[in-house]
Every structure is written in C-alpha cells, then in structure tokens.
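Note that chain A is present in both complexes that follow, paired respectively with chain B and with chain C.
Then we have the complex of A and B:
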C-alpha cells in the first residue's frame, strides 16, 4: 500500500513538472507549425516571464491573479516585438541561422535578467504555496494540482481560440499555406508575430505556474532542453501531443530518479529524446509527411 | 586588380591560386615561426589558445559551413578528445600516439552519433546533438573512476621526441603544427570529390542524391572528420588548461565553437581562423577594458556570454558572410578603387525552403 501511494505520488509530481515541459514545448510547436522556425530561447522567455511576474507580485504588491495576467501580457508583447523586429529579418536564410540567432538571443536574455534581477534565486507567494489537498486519502500539494489544472485550462482555451475565433482560424490558415492565406487577405506577417506573442505568453504562464515548486533564477531557461524531448515525442506539430509528451518526460524523469542510480534523472529526458529520434522521428502523434525538392 | 588567366584545368583546383598567395601565406608562416622571439610568453600562450580553437573551428566549419549540417554538441567531442588524451597519457602512452588516438577515437564517436542522425533535417539534428552533448557532459561528471568527477583531472606533461612540452611556446608550436596539418587536410579534402560531394549536399540534398552522391556515406564521413578534428583540438586543449573540469564542456562551449564558424563566415577555412581569433581574443579584450568602461559595465557577471550572443545576433542579421565576408569586401573595394559598385555584394533575395509537403 505504501509503495502504491509512493508511485502515485511520483506520477503526480512527474505530471506536474511534465506539464511545465509541455507548456514550453507548446511554445516551440506553435511557432514551428506556423513558421518552420524553432525558438531556442523559449526557456529564457519563460525565465523573463517568471521574473516579470516576480517584480509585479513581490515588488509592486499586486494580487497574484492581476500580477500574473499582467506579466503574461508583458511577455506576449515581448514575443511580438521579438518577431517583428528581429526574427522576421532572417526569413529565407538557412534554418540553422534561426537556431543560432535564437540561441544568441537566449544568452542576451540571460545576461539582461542577471543585470536587472541579479543571480540569486527568487520566489513569490502564490495562493498554492505549501498547501495540500486530500483526494481520497492521497495527499497532494496544491502547487502540483494547480500546474496540471492550469495546463488543462490553457489547452481548452487554446482549442477554443484556434477553432472558434477569427484570428485563430486565420492562424491555422497561415500555418497551413502562407501564400494561399495571404491571397485570402490574411495579414500573414502580423499573424506570425501574434503567434510569437501567444507562444511567449504561454511560456510566461509556465514560469508563473512553476514558481511554487521551483525558484525563479537566471538559468531556469535550461529547462528548454527537456521541453525539446516533449515536443519531439509529440511530433513537433501537435498541440495536445506536446503536452502529452511533456507528461511522459516528466514521469520518466521522476521514476529514473527513484529507481536508477544518480545522474540518470538529469539525462533521462535526453535519452528519451534521442531514442525517440532514432526509433520514431515523426513522433507519436504527427501525420506522416514526405519531403519535396 | 589581378586577372587570372587560366590555361589548364588544374589551375581551377590548385591550392595556391597565384604567386601572391604563396608570398603572403609564406610570410605569415615565417611570422608565426618567429613570433615567440618577438612576443612575450603571455601573448604566445593566447596565440596557442587561438590555434587550438581554430583547429576545432576548421573541423566544425567542414560540418556546418561545407556540409550544411549543424551540431550543438561539439563541446562533447572536444571533451572526449581531451579525456582520451589525458587518460592515455597518464597510463604512460607517449604523446605522439595519444594525440592521433584521441583524434581517431573521437572520429569514431562522431560517426557513431552521425549515422543514426542522418535521417534528420537541420532542426532535429540540432536538437539531437544538443541532447548528445548534454548526455556526454553528465557522463564526464558522473563517471568518476575515469574522469575524476568534480575533483578534476591533472593532465600529465607531454613529450615530443623526448622534449617536454611545458612552456606556452612549446604548446604554441605543437598547436601550430596540428593546425597547419588540419588546414592542409581540409583544403585538399575540399578540392577532391569528397569535398565537392559535401558542398553539393549542403546546397541541395535531393539534387546531390540524384547526381549519385550516397548521402549516408558522405554525411557520416563529414561528421567523423569534423569530430576527429575537434578531438585533436580537445587533446591539445587538455594541455592548454592543464586541469580538466567536467563541467567545462557544456552547451556554452558548443555555442562558442559555433560562434567561431558563424562570426568567421560560413563556408571558408579562412573564416574559421578569423572566428577563432575573435572568440579567443574577445574575453582578453574584455579583461583589458574592464576597468575603463563606464557604469561598471565591465564588472557585470555574465558579460561574456552576452557579448558572444550579441556577436552572433549581429552577424546573422547584418553580415551573414561573417568576418571573411568583411575581408573580401574590403579587398574588393581596394581592388576596384574608385569604382565600387553598390550592387557588388547586395544580398540575393531568398525564400525559405520548406521541409514540408504541402
């Protein structure tokens, strides 16, 4: 009985941290689906979002919900500016130019955050910190539950946004065929910048949800590498796939820490990623696509 | 302005295009040989560091600049070369054997990681090599029986023909010789069918394949050669730092190596050298001007990675041909003086190549 409880605990913890990976991966996937670019600075955007929330909530003493939403809006604006001012200029250059560009931006973000907020870990009070709920004898931290609930809620909101709103449908159209979308009168460039904004906003949400279980610090962007595993498992093109991939990575990580010798927990996500790429590079959920000249 | 009048096909692939090349590169070689007489020990040490990074840069240039594959895990190959060399040396194997052994072993590792990643396109390859680099980094930290873990690993002094390579000058000459060898190898490779095949793969995989180039073989080969050269650089790097710390071969180092290639200018061996000069001398430059900068900018921690990031961003946005491109433009300006034409180096309009089937 004790063992079963322990395993359930591991699964919930893994699912919680996995949701964070899934949210970062969702940011990758949104941008990749639309523009075939990958933002290697996604983890650092999450870090900036976390610090923005920290400043608003801990320094300006805004309520958690107001501060959180404001931080998401600010980070989304940053994402929009990032595309409109910088990323858009390299369209047409080889793909690895974008990889290097976003890597470079990530280092700049890190240094900028270090200058603005210092290199110490910080945290802020959330309504979920250090509280537990009891579900049928299983004691869960409210922080883990809040992450899972937040992720599910966000997926629902995104689903409604992409299927029901005009802008959402325009985004789908622009992702499927830029030229056709452009001919239909969709402002493709603005739509792409908006997608970058949504992706940055999602990253910021990930940072805020993460803050009760892990402190915010300059190097939290390295979570981005684990999020790659999540995105690859999901097939790098499917939004629910990336979240499910994130949960898989999170749970594998928890069990690797529990069962395997030290060191395996840190690399488990990388091993899962490489195995996935070798065995089934198209991911679990993506439809098969051929390659054209 | 020099006009080359070609009378033989051999001239197209000659290593030296004309006597001017022979003269200037000869002069450079002489200057490098007598530099220890002219400069102080510190500067020779720094130049040795530049040589070591130039070796790794040339290796990465073959992969990124000429084959069009990206690797975010080359720090791992540098680390493998360094540890293989150091471990073999500490078991009493002579340096003249451990150096090629480090290169060969790393080349095998490169082929091993290159082979399964071949099916992947640019993006997946970047992610896979990133994951590989991070796994190898963790192995260095946890495999304490071999690497000493966080206690570090003291690298024994190498002997070349019975002479101990202890001073910075000694390492400078060894690194210079290896760099010359690597450059000669790459230049010959690039004018041979193998190099042509690599360039063809870079420009279009599908058309290369339809010209009869066996993609898997040449991509694996490119990976192996690139990793092997980086391994050689790693072996020398071990002697340069003298004490191996497992966490020094991280993503930041991989990005530094890529900075060499991008800042230097993709698709040119000269670029790899210029990039190495930039990457090695930037920290020294920061150290020199640190106290003179206003508002204490020089004292901020994390300044160095930020400047590397900034250099990458600026080069990709404004000067995709890198330092080598700047050099070519300057040369063309003087050669054509006063008839510089605005359109000479205008960037061609290009469109994103989609990897999807639509």
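Then we have the complex of A and C:
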C-alpha cells in the first residue's frame, strides 16, 4: 500500500516536470513546423520569462495572476520581435546558420540575464507553493497538480485556437504550404512571427508553472535539452506528441532517480531518446503523410 | 478600347544567374481567357510567378488594372483581386476541404458572402462537397485540382491565373475541368490567364494565345488563327510527329537537371 502510494507520487511528480519539458518542446515543434528551424534558445526564453515574472511579482508586488499574465505577454512580444527583427533575416540560409544564430542568442540571453538579475537563484511566492491537496487519500503537492492542470488547460486552449480561429487555421496552412499561403493573401511573415510569439509565451508559462518546485536562475534554460528529447520522442510534429514525450521523459527520470544509482536520473532522458531513435526513429506521433503531398 | 486588366510589359526574370524570361509582353483584356503555350521549360510558370509577385522581374512592368505591381509581394497582389492556381495544386494537405476553401477567403470580411461562395464552389465541383470534411491530402489528383481552383475562386478574383490545370488528369476529367473554367469565365465574369501544355484544348478554350519558347514570345494571335497555323500545329498540336526540335529541347533539359 505504502509502495503504491509512493509510485503514484513519483508518477505525478514525473508528469509535472514532464509537462514543463513538454511545454518547451511544444515551442520547439511549433516553430519547426512553421519554419523548419529549431530554436535552440527556447529554454533560455523560458528563463527570461521566469525572470520577467519574478520581477513583476516579487519586485513590483503585482498579484501572481496579473504578474504572470503580464510576463507571458511581455515574453510573447519578445518572441515576436526576435523573429521580426533577427530570425527572419536568416531564412533561406543554410541550416547551420540558423543553429548558430539561435545558440548564440541563447548565450546572449544568459549573459544579459546574469547582468540584469545576477547569478543567484531567485523565486517568488505562488498560490501553490508548499500546499497539498488530498485526492481520495492520495496527498499531492499543489505545485505538481497546478503544473499538470495548467498544461492540460493550455493544450485545450491551443487546440481550440489552431482548429477554430481564422488566424489559427492560417498558421496551420502557412506551416503546411508557405507558398500557397502567400497565394491566399495570408501575411505569412506576420503569421510566423506570431508563432514565435506563441512559442515564447508558452515557454514563459512553463517558467512560471515551474517556479513553485524549482528556483529561477540563469542556467535553468538547460532544461531545453530534455525538452528537445521530449520533442523528438513525440515525433517533432504534434502538440500532444510533445507533451506526451515530455511526460514520458519526466516519469522515466523520476523512476531512474528512485530505483537506479545516482547519476542515472540526469542521463535518463538521453537514454530514452536513444532507445526511441533505435526502435522508432520517426517518433511516437509522426504524421503519416509528408509535409507536401 | 478600354485598358486591359493585365498588361505584362517586357519582363525579364532570373533565377539567380539563370534567365528564365527574356522580355515577355502580353495583355489580358477584361472578360477574356488568354492562354500561354510552350514546351517544358519555356518559362510559362515563371511568367505566372512574376505576374503574381512570387518572383520579381529584373526589368519590365506588370500592370494590373493600370497599377504597377511588379515588385509587390504575392499576398498583397492577391488582395488586389488576382488569384493564382499554382502548378502542382499546392493545397494544404492536413486541412479539410472546407478549411482549404476558407483559407482561400482569408482576406475577406463578409462571412455571408464566403458561405455563399463555398456553396458556389460545391455547385461547380460537386465532388468537393462529398469530401467536404476530409483532409485535402487524401483527395485524388483531379479532386485536388478542383480544390485548388475552388480555393482561388473563394478570393473573389477579377483575374485568375491557372498553371496547367490539366497536369496529370485523365482526358475526361480535363474536359470537365476546362468546361468549368469556361463557365467560371462567363458566369463570374473572371478574366483568366491560362498556362497549358495541352495546346489543342487551351486554344479551343481561350480567346487569345501566346506561344512561348525559351523565355520569349515567338507567336501570338487569336486562338482560331493559331489553331490553323502550320508551325504551331507541327510543334504543339502533334499534328506531325513530335519533331526533332522538341526532342532536342527535352534532352537538353534532362542534361541540366
């Protein structure tokens, strides 16, 4: 009985950190699907979002919800500007130019954050910090539950946005066939910048949701590597795929930490990724049709 | 004479160092169907791309309703009332048929009109109605061509650019689609610039024709006149055997690729 509770606990904790990976992975995937670029600065954008929320909530004493939403808006605006001012210029250049550019941006973000906020870990009070809820005898941390609930909610909102709104469907259209989207009068560049904005906003949300269980610091963006594994496991193509990939990585990590010798926890995401690449290289949710039919 | 809806004035277009268009001029009068014929690699697609703004001409002008649009991006050209049905259809494979049609109407702000025009598309292409909520990537080639034409119509164009609508379709389906192209031209009063390799059918459908060879216009005239011209019959209508010139060009193209 005790053991079953422990295992459930591990699953919930793993799912919670997995949701964070999933949210960052989602940002990778949205941008990749639209522009065939991988934004290696995605984790660092989460870090900036976390610091933005920290400043608004801990320094300016804004209520958690107001500060959080404001931070998401600010980070989304940063994502938009990043694409409109910088990324757009390397479209059509070789892949490595894009890789170097986003890696370099990551360095700049970390250095900038170090200058602005220092290198110490910081945190802020959230409504979920150090609280538990009791679900039928199972005691869970509200922080974990809030992460899972927030992720599920966000996925629902994104699903409705991409399938029901005109701009959302146009984002899908521009991702599937850029030239045809131009022919339809869709302002493709603006649409791509908006996708960068959404990815950045989602990364910021990940940073905010993460803050009750982990401090914010300049190097938190290294989570991006695990998120990248999550994206590949999910097939690098679908929103549910990314989140499920993230949850798999998160849960495996928890169990590796619990059962296996020290050290395995850190590398477990890479091991899962390697196994995945051997067994099913296209990922769990690879789309059956190619990008162009 | 009123001004033509489209006037292409000695355009020259390059792909990097390769010159695809070497000074092409053509007019489309209001209400007309004008066809551009030519062998593979003659530059037909490049002309349409230059007109709709995907390619910028190095020299020359493209006047749409009197306005120079030569260096305008394609989404803005479309907003002026010109829709392009590209070579190879270029539908959105993961969107449903209806979503594809809705994307064609992306720039419009009249939902009632959009709903009405979707019905109109379904009237022209009943097959699309049957597959309304199916992913467009699962349609047959012919159905995708119908969808591409319908999607362009959703933008309420005054000028429609059609790039080889017959490509890869059965003769029967080609006849059907060309019938509908004629109907669209008459009933919706849409002027059409039609690029085709199927010269016979194109000349029967259109009012005026241009023949393109290696980036230049080498012949033009009323379609009836063109249909009777001996050299055109020889090279494009397959009246005599395919001809040494055609074969040679084909080989040349193969070498370059």
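As a working rule, the second predicted complex is superposed on the first by the 287 of 293 C-alpha atoms of A that agree within 3 Å, B and C clash if a C-alpha of one lies under 4 Å from a C-alpha of the other, contacts with A are read in each partner's own complex, and residues count from 1 in each chain.
In this text, a contact is a pair of C-beta atoms (placed from the backbone, for glycine too) under 8 Å apart; a residue touches a chain by one contact, two chains touch by 3 or more.
A quick note: this is a predicted structure, and the numbers were derived from the prediction, not measured.
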| item | value |
| --- | --- |
| Fit or clash between chain C and chain B when superposed on chain A | fit |
| Partner with the higher number of touched chain A residues, chain C or chain B | B |
| Touched partner set for A:99, first chain B, second chain C, both or neither | first |
| Touched partner set for A:188, first chain B, second chain C, both or neither | second |
| Touched partner set for A:262, first chain B, second chain C, both or neither | first |
| Contacts of A:9 with chain B and chain C, given as first, second, both or neither | neither |
| First (chain B), second (chain C), both or neither touched by A:214 | neither |
| Which of chain B and chain C A:129 touches, first, second, both or neither | neither |
| Touching partner for A:225 - first (chain B), second (chain C), both, neither | first |
| Which superposed partner A:177 touches (first chain B, second chain C, both, neither) | both |
| Least Cα gap, in Å, left between chain B and chain C after the two complexes are fitted on chain A | 6 |
| Residues of chain A contacting chain B in one complex and chain C in the other | 176-177, 289, 291-293 |
| Interfacial residue positions of chain A with respect to chain B in the complex | 32, 36, 38, 86, 89-97, 99-101, 103-108, 110-112, 114-115, 119, 176-177, 218, 222, 225, 228-229, 232, 262-263, 266-267, 270-271, 273-274, 277-278, 281, 289-293 |
| Residues of chain A touching chain C in the complex | 166, 169-170, 172-173, 176-177, 179-188, 287, 289, 291-293 |
| List of chain B residues in touch with chain A within their complex | 64, 68, 70, 72, 116-117, 119-124, 126-128, 130-132, 134-135, 138, 141-142, 204, 206-207, 251, 255, 258, 262, 300-303, 305-306, 308-313, 316-317, 320, 349-358 |
| Parts of chain C lying in touch with chain A, wherever the complex brings them together | 52, 54, 73-76, 78-79, 83-84, 86, 90-95, 99, 102-104, 106-107, 137, 151-152, 155 |
